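Read the structure below first, then the notes.
Labels run A, B, C, D and E following the written order; every chain starts at residue 1.
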Amino acid sequence: MFDFIQNHILTLIIFIPVIGGLIILFLPERHNLIRWSSLIITLIPFTLSIMLYAGFDRSVSGFSYPGGLQFVERYSWIQAFNIELFLGVDGLSMPMALLCTMLCPLCVLASWGIDKGIKGYFFLFLLLETGMIGVFCALDFFLFFISWEVMLLPMYFLIGVWGGPDREYAAIKFYIYTLIGSLMMLLVIIYMYLSATPHTFDMTRLAQLGAGMEFKTLCWIVLFIGFAIKVPVFPFHTWLPDAHVEAPTAISVILAGVLLKMGTYGMLRVNYMMFPDVTFKMSMFIAVLGMINIIYGAFCAMAQKDLKRLVAYSSISHMGYVLLGMASLTEEGLNGAVLQMFNHGVVAAMLFLLVGVIYDRAHHRRIDGFGGIASVAPNYAVISFLAFFAALGLPGLNSFISEALVLLGAFQKYRIITAVSATGVIITAAYCLWTIQRIFLGKLNEKYAVFPDINAREFISLLPLGILVIVLGIYPHPILALMKPTVRFINNLITGSGI
Amino acid sequence: MNIEIKEIVFISIVLLTIAPCSVVAFSRNILYSAFALFFTFIGTSGLYFFLDADFLAIVQLAVYIGGVLVLLLFAILLTKNIDDIKKTNTISLRRSITAGITVLVLFFSLFFVFLSTGWTPLNGGAAYPNGTIHELGRLILSKYLLPFEIASLLLLAVLIGSLVLAGKTVRQRED
Amino acid sequence: MGNLESIRYFAPEGFLSVFIITFLIAGLLRRKTFSKSSFSCIAGTAGLFLTLILELCINTGYPDAIVIFSGMLKLDALSHLFKILCISSSILLFLFSYSSRETSDSLKEPMEYALLILSCTLGMMLLVSSSNLLMMYLSLEFLSLTAYMLTGFTDKNEKASEAAMKYLLYGGAASGIMAYGLSLLYGITGSLDYSGIHRFIAENNSGIILYISMIFIFTGLGFKIAAFPFHAWCPDVYEGALTPFTAFLSVGPKAAGFAVIIRFFYQIFTVRGEGDVLTVLGSADWPAMLAIISALTMTFGNLAALRQKNIKRLLAYSSIAHAGYMLMAAASLTILGIVSVFFYLSVYFLMNFGAFLVVIAVSNEFNSDEIEDYEGLAWKNSKGAFLASMFAVFLFSLIGTPPFAGFIGKFYLLLSILQPENPIYWLAVVAVINIIISLYYYARILKTMFLSRRQKGTALSGFERGQYLQYSLMAGLALFSIIFGIYWSPLNNISMLLENFIH
Amino acid sequence: MEIITLQSFLIVSLILFLTGLYTIVSRKNIIGIYMGIELILNSSALNFASFSRFAGRGLEGQVFSIFIIVLAAAEAAVALALLLAVFKRQRGIDADKLNILKG
Amino acid sequence: MQEFVMKYGFLLLVFPLLGAFLNGIFGRYILRRYGEAPIGLLACASVFMSFVLSIAVFLALNDSENGSRIICNAYTWLNAGNLRADAAFLFDPLSSIMILVVTGVGLLIHIYSLGYMKGDSGYYRFFAYLNLFIFSMLLLVLADNMFLMFIGWEGVGLCSYLLISFWYTEKENAIAGNKAFIVNRIGDAGFLIGIFILFWAVRQGLAAAGTFDTEGLSILSFQFLEKNISLLNGIELYGASAATIICLCLFIGATGKSAQIPLYVWLPDAMAGPTPVSALIHAATMVTAGVYMIGRLNFLFAMSPLALGIIAATGAVTALFAATIGCAQFDIKKILAYSTISQLGYMFLGMGVSAYSAGIFHLMTHAFFKACLFLGAGSVIIGMHHEQDIRNMGGVRKYMPVTFAAFLIAMLSISGIPPLAGFFSKDEILWKTWESGHHILWLTGLATAGLTAFYMTRLLVLTFFGKNRGSKKDCAVHKIKESPFSMTMPLIVLALFSAAAGFLGLPEALGGFNRFEFFLSPVFGSHRGASHESMEYMLTAASAIVAVIGIFSGVFFYLVKPELPARIAKKIRPIYNLIYNKYFIDELYSFIFVSGTGIITAVLSAFDRYVIDLTVNLSGYILRLMAHIIDWFDRRAVDGIVNSAAGITLIAGAYLRKAQTGRLQAYVMLLIIALAIGVFYKAIF
């Protein structure tokens, strides 16, 4: 039994949620039964990914089947186009898969309050989880695209049906933005499939082909835009605040925690590994975009009235660091970028859960509407302090390490851009503290004299994230060790091809 | 240049077909255009004679004029209510001009194309002195047997269908 | 192959004609039993089912094409597959008419209705396999005439006969122009057989007249598949006719139309070089014409659908758009293009019939086709939820999102266009833009059904026993839409039969 | 130069064809439109016949013409039937009235 | 002993962290169940343990004649690419002195605040934050590489934020806390950029020297830097030498943390926190971090004389500037805050003239007497029932003799009266400034010394002498009583230290052996200046005389003729106003930065909401418009074409009402026109 799991682990992780979702559809309509069963269904892949983490070999690197890619499973799916169910994990996708399987149970915990159409909600949520893990583990470009698009449907309904007052606009805007991006990607995927001599979707073989293709730069740009919409990068970011404000708590946690990382993961997996020489030429372009994201996101966050919109813009700013790190083309910069993807996932999830807590109690999110909550809900205040300080990158907590690595790495190539981005740290500190002060400090707003403190369920969903934030700040080795060999491989690949 | 009788007759028949066409197109009264159509069909069957398609001319006379034109007249009479025979035909001037221009454009372009293309006479036109019926019959029952049978099925379906469509109105009147 | 020997291969159509005649005689003799619409529908389905079985087992034998009835019909993979498609769409038409309350009430003469459907199917089967201009024109007329009569069949609402009249007049004009085009083509090449024409054009080059005759002929064909300049009849007829028949119209005759287009262009005007590279025969660059028409059809269909309030008109414009997508594959001048047309048609068969079945089910309840009547359908009761989720499956498949078959269809189309032999990049970009526009109006329906919580007054009745055929049919179509979305190699192997269609 | 040549027949049938087209477009009465269709069908039949005679194509052209005439008859039947159905409803056969289907 | 430190050195940090953790998590529970005692005990015990350990370290360093440096490497904290930073702690003379000061003064302040914070609802929170502060300060001081130091650097910033806004119910405290953290953050950004340039420069140097792979090396650790600092001298950055730019960036970080000229505005507002906090953080330990950093990286700063000059100059200017403001303030804690800024200016002056040991010596002595002054002020405030304005005090001498005595000693020491510590450390700096040739800076230093003496006496006189001007009715004269022993004991100890500490660094000129400098020589290297004794005597005498003048003028103005200052103030009204309002620096900053960022934020978010969203909605709008046109085309234009005047224009101008779409001919017309276009096109081309 154990070795069956061992050599089918990735397929199990990906397909258990969707099978569980189908089972849920046929369960009797009792709310608690459905909630608990979906919690258990999300916990199974989490335990499996822990086994994955334990068994991961941290010494080997490379983007080829024997070296670098581990837990590889290859089943033929459609012989006609030799599309395969080709799954594998390497240093880049391992942390992301871990983050995704970890956040999902927490989100199920956070969506305990959903009561309308609960079976539909949890089925769509589990389908979403399958899509997400699918993207991270797919090594077949077609499978990558299928799981990329499979997420669209559940997200549209989850934002659209269970969202806030203006959900319809947000849902359709999200759908159109992502669809444009992914259709552009589809064209390039087909073009690459056709220009590979033995037509194949296998990413590892397409990687070797990458250099030889004509229209290479055009493909790179189209793919980059497709992924940039998801990150989101500056000009394409307007869907994020609307989607976040309208989505229910659990969904904006997943949206910020995992979906944003898919954009940067895609860039690293496709743009970086398949077109290294174009990436080398374009690295300055990405650095500038990263800088704009950081500064622009931070300033916009400061101007927001709605707490969730503020956290959304802060996500844009933090993803800017990832972009900058990716563009630095130095080992520590790239390490910082991948670490920042993981750290921001944890911090953003924590922030949105906290916003959810305050929304359940006050049913509004105007930052100025609160005041002095700390005196009436101390536990909640302490955890929010921890989250906000992690967000502003306080040393000793996890975000600082990745931001410092990113800035350190980026400094060696683009000095002015990094100097400007480093000032972003100040603006982030400003709006975080200003928010803390307006909500938690100052005299108690009499409306919330009876503000109930955090309850057990919310606390359990926040605790693991809080521990991770502190532990990864002090000892980042567990996650860092995962990604180092792959990051070195990518860095050598690109700098090698660039000279 | 000597114009034999044949050519004179040909020209007259051509005029016989083209002239009523303008009536069909422009006349205000639907009855007049129906009659004009009658002459056009007569002219066409005349032309068939010139093309040694004698059977075809007869069929044209029998089916087109006997069948289709009669049906048209029936249609006009059945649906002609009291006053609007005149009114029905006038259409806005603007539209007719546009239609006219399109048709003229088509005409001139096709006209030149027809003149310019060299139609390759394949095997010098086997003349059928004693009528084409024998040859036509053989051809239809040998090569084109399937279309012949299918045409019968088609007519059967059309017969039943139009009975049902038209029948409703008749039964409507009774009950 | 002479007439007598080819009777053996003519089994399915032969059986169907004999069935039509016996059906007619039986109908006249026992007027009363046939007057119940359920009986005649079931009898019709049985007949078609037998024809389907005959078609399935008779014609799979021969690897390459057989020309029967001295050049009239050509039985090859194309005709075999498209016949199956047409017969099954007629079977579904019968089943839909059985389950649609609106149809069964308003049909005064179910026997004649069934008869016309059978003859319409026969017309399609012949059209699909005809390889002679006369045969093609005759069966096209046969199909069109029966379609005109079926459109006008119900006298319940006055829209039907008006739609039928428009359909007839527009169709008559189009087929008249096509006849003129055929005469020109005959004049140039001197023969009515596709192979004869092909040989003539191969030997001596033909001037502008060939292209002009092709334009005239394409008028008739374009009318059949409702391509852009010839689409005007489509919305009115779709809205006027009975919903089951509209569903049938949007799949059956359209598939037959595409079969004729493929056979006409790919059998006559193409030659298959080495390494399966197809090149255009004769001076007329018809792939460019098809590509332009496909782009126009797609864009017009999608943009016009954006503002539709009536669900049937919206589905009409969407079917125009899908015709545009399929034309794209036809214009790609590659073997995979032909395969993709059939693949997309079979996927389109599933999702379009499914969508119309839901429209029928909803119009059984509220007997209106306006989109705002679908308000909050998903949250009314369990039946509403079932209908809404089924409609969602079909709509997402029509949009082309991955877990559903629609996406694989579009994937095939894009694949065929971007083939390295002669990739048409601009058309791929137009297609992508159109998919995005189509998302907007499909999502609007989803929005009314799922997202808006404003409950319209009309309550929805529960699952009633009589309608189980309808629900199982819907579930079946949805299941196949999903299965072919995930694992579609069986369908792919079937459509790959078309590979050796041109030789 | 002799008058009776293929081109002259083609021109005649072209004129017939175009008048037919013009009638379809400019007539307001349904029967008028149908007359246009009849004209077009007639001209194509004439075309087939003239090709079979002049271009020496054998009698296949004439067979096609015969079938065209048959189909024209069938279509006339259907047209009349539908006409009666439309007439019953509207008391008029003015093409303008066919406007219930809009939008 | 050395192996003990090598292995268990990090315990020194673990104790305060443990204390902070326990108090933080279980504090509320303990407070409710067992009252305040166990919390205070736990906190003081943890600091006491680390004090004992730091003594052990001191002894270990003393008796180990060979290596004066012990590294205790706990674990490799961060190892990504070429960056390798271990959680390693460096014990050498400099850090041992610092930890002694931190834990010593910290312990005393912990004991003091047991009394001070009695009865406060957030009792456990206060001690948790205080312990956390001790931990981060120790981390800062003991860190072996720049990154780890930066962790401590920001950690202390965090604790100062938490402690300043400890009574967060009042809005001003929260805002003060924010201001402190953000200004610190600006400084830290500079510090961070300094680290990056350093990292980049060292990598460049290494590359120039041929070694590319820096995998194993921990570049940013202090030994590595000290050993091959020579790598830097070749590297240029924007024209200036890399070393100068690095030093200036690091100095910006130092000004942020130690409140020098550009970034000092947060310290006066930081007085909003409880007094022990001001004593510990804003007097003794945190603010000295900048000085320690320069001391620790002396080899780097030595590379660029330009940077040292700038540091010295800013130090001197800040000292004088803060001293002038100090004279015109009335809040007791604000005066002490400005005096801290001024004394820090002294230390930076010392560092600037590369008299590193003098700077550190002054740092230590300043820690003692400034902590004593703050604690004294604290007990006065408690005594006067939270009265902070010295104009409403006076004559406290009679009621709080012990506080008065300790306060007096500390005041004399800070003013630089000879036998006390302040005199020796300040004189050492002045002498080294003069010796290194910066005569103008020496003059400003001397003037500041005079001013310091003046405003300290003013403070002493106005609070402790004369009649009581207590305005609050309930604090009538008889109500003032001495603080409890737990508060006065630390006062006494600190007073003793501030008296005796001077003898540690007795210069030779005055017949003593400068043991302090000898102790620090392994770190700073002992460079014995040209010992022309006579000049040194003259300068020491001069500084003593200046101090005495300051005191007498202070006594004269405020005790003998109390109304005189008011008259002088009237005469020099504009200058007085300028000084009183702290040269309007705060208003200037708030105008430039706060409203500046406000404007930028408003502009960018408006840009985001309107321009970007607009373009997106625009594309949506265009789509709808096109759909409308096509639909209109479908419904109207087809008839439009048909009815348009003699020309095939696609969209008719005239809007034809009567044409209905149902018109069949319109459809056929479209078909025929398409046909005509196709045929015409083909016929022509």
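Definition applied: contacts are C-beta pairs under 8 Å (C-beta built on N, C-alpha and C of every residue); 3 or more make two chains touch, one makes a residue touch a chain.
What you are looking at is a predicted structure, and each value in this text was computed from that prediction instead of being measured.
J.: Along the graph of touching chains, what's the shortest path length in steps from subunit A to subunit B?
T.: The fewest touching-chain steps linking subunit A to subunit B number 2.
J.: According to the touch definition, list the chains common to the neighbour sets of subunit A and subunit C.
T.: E
J.: Which chain has its C-alpha centre closest to the mean of all protein C-alpha atoms shown?
T.: A
J.: Determine, using the mean of C-alpha atoms as each chain's centre, which chain is farthest from subunit E.
T.: For subunit E, the chain whose C-alpha mean is farthest off is B.
J.: Can you check which chain pair, B-D or A-E, has more C-beta pairs in contact?
T.: B-D
J.: State, to the nearest whole Å, the distance from the C-alpha centre of subunit A to the C-alpha centre of subunit D.
T.: Inter-chain centre distance comes to 67 Å.
J.: Could you grab the centroid distance between subunit C and subunit E? Build each centroid from C-alpha atoms only and quote it in angstrom.
T.: For subunit C versus subunit E, the centre distance works out to 77 Å.
J.: List the centre-to-centre spacing of subunit B and subunit E in whole Å, with centres computed as mean CA coordinates.
T.: Chain centroid spacing, subunit B to subunit E, equals 102 Å.
J.: Distance from the CA centroid of subunit B to that of subunit C, rounded to the nearest Å?
T.: Result: the chain centres lie 32 Å from each other.
J.: Hey, what residues on subunit B touch two or more of the other chains?
T.: Expected reply: 95, 99, 103, 106, 110, 113-114, 119-120, 122, 143-144, 147, 151, 154, 158, 161-165, 168.
J.: At least two partner chains per residue is the criterion; list those residues in subunit A.
T.: Residues: none.
J.: Any chance you could list the residues of subunit D touching two or more other chains?
T.: 10, 21, 24-28, 33-34, 36, 45, 55, 57, 60, 63, 67, 71, 74, 78-79, 81-83, 85, 98, 100-101, 103
J.: Spell out all pairs of chains that touch, sorted by label.
T.: Those chain pairs which touch are A-C, A-E, B-C, B-D, B-E, C-D, C-E, D-E.
J.: Report the residues of subunit D in contact with subunit B in the complex, numbered from low to high.
T.: 2-4, 6-12, 14-16, 18-19, 21-23, 25-29, 31-32, 34-36, 38-39, 42, 45-46, 49-50, 52-60, 62-63, 65-67, 69-74, 76-85, 87-88, 91-94
J.: What does subunit E use to touch subunit D in their complex?
T.: 635, 642, 660-665, 668-669, 672
J.: Could you list, by residue number, the parts of subunit B that touch subunit C in their complex?
T.: Per the touch definition, subunit B meets subunit C at residues 110, 113-114, 116-117, 119-120, 122, 142-147, 149-151, 153-154, 156-158, 160-165, 168.
J.: For a test of understanding, state which residues of subunit B touch subunit E in their complex under the given definition.
T.: Contact set of subunit B toward subunit E: 92, 94-95, 97-99, 101-103, 105-106, 109-110, 112-113.
J.: List the residues on subunit D that touch subunit E in their complex, please.
T.: Interface residues on the subunit D side: 21, 24-28, 33, 95-96, 98-103.
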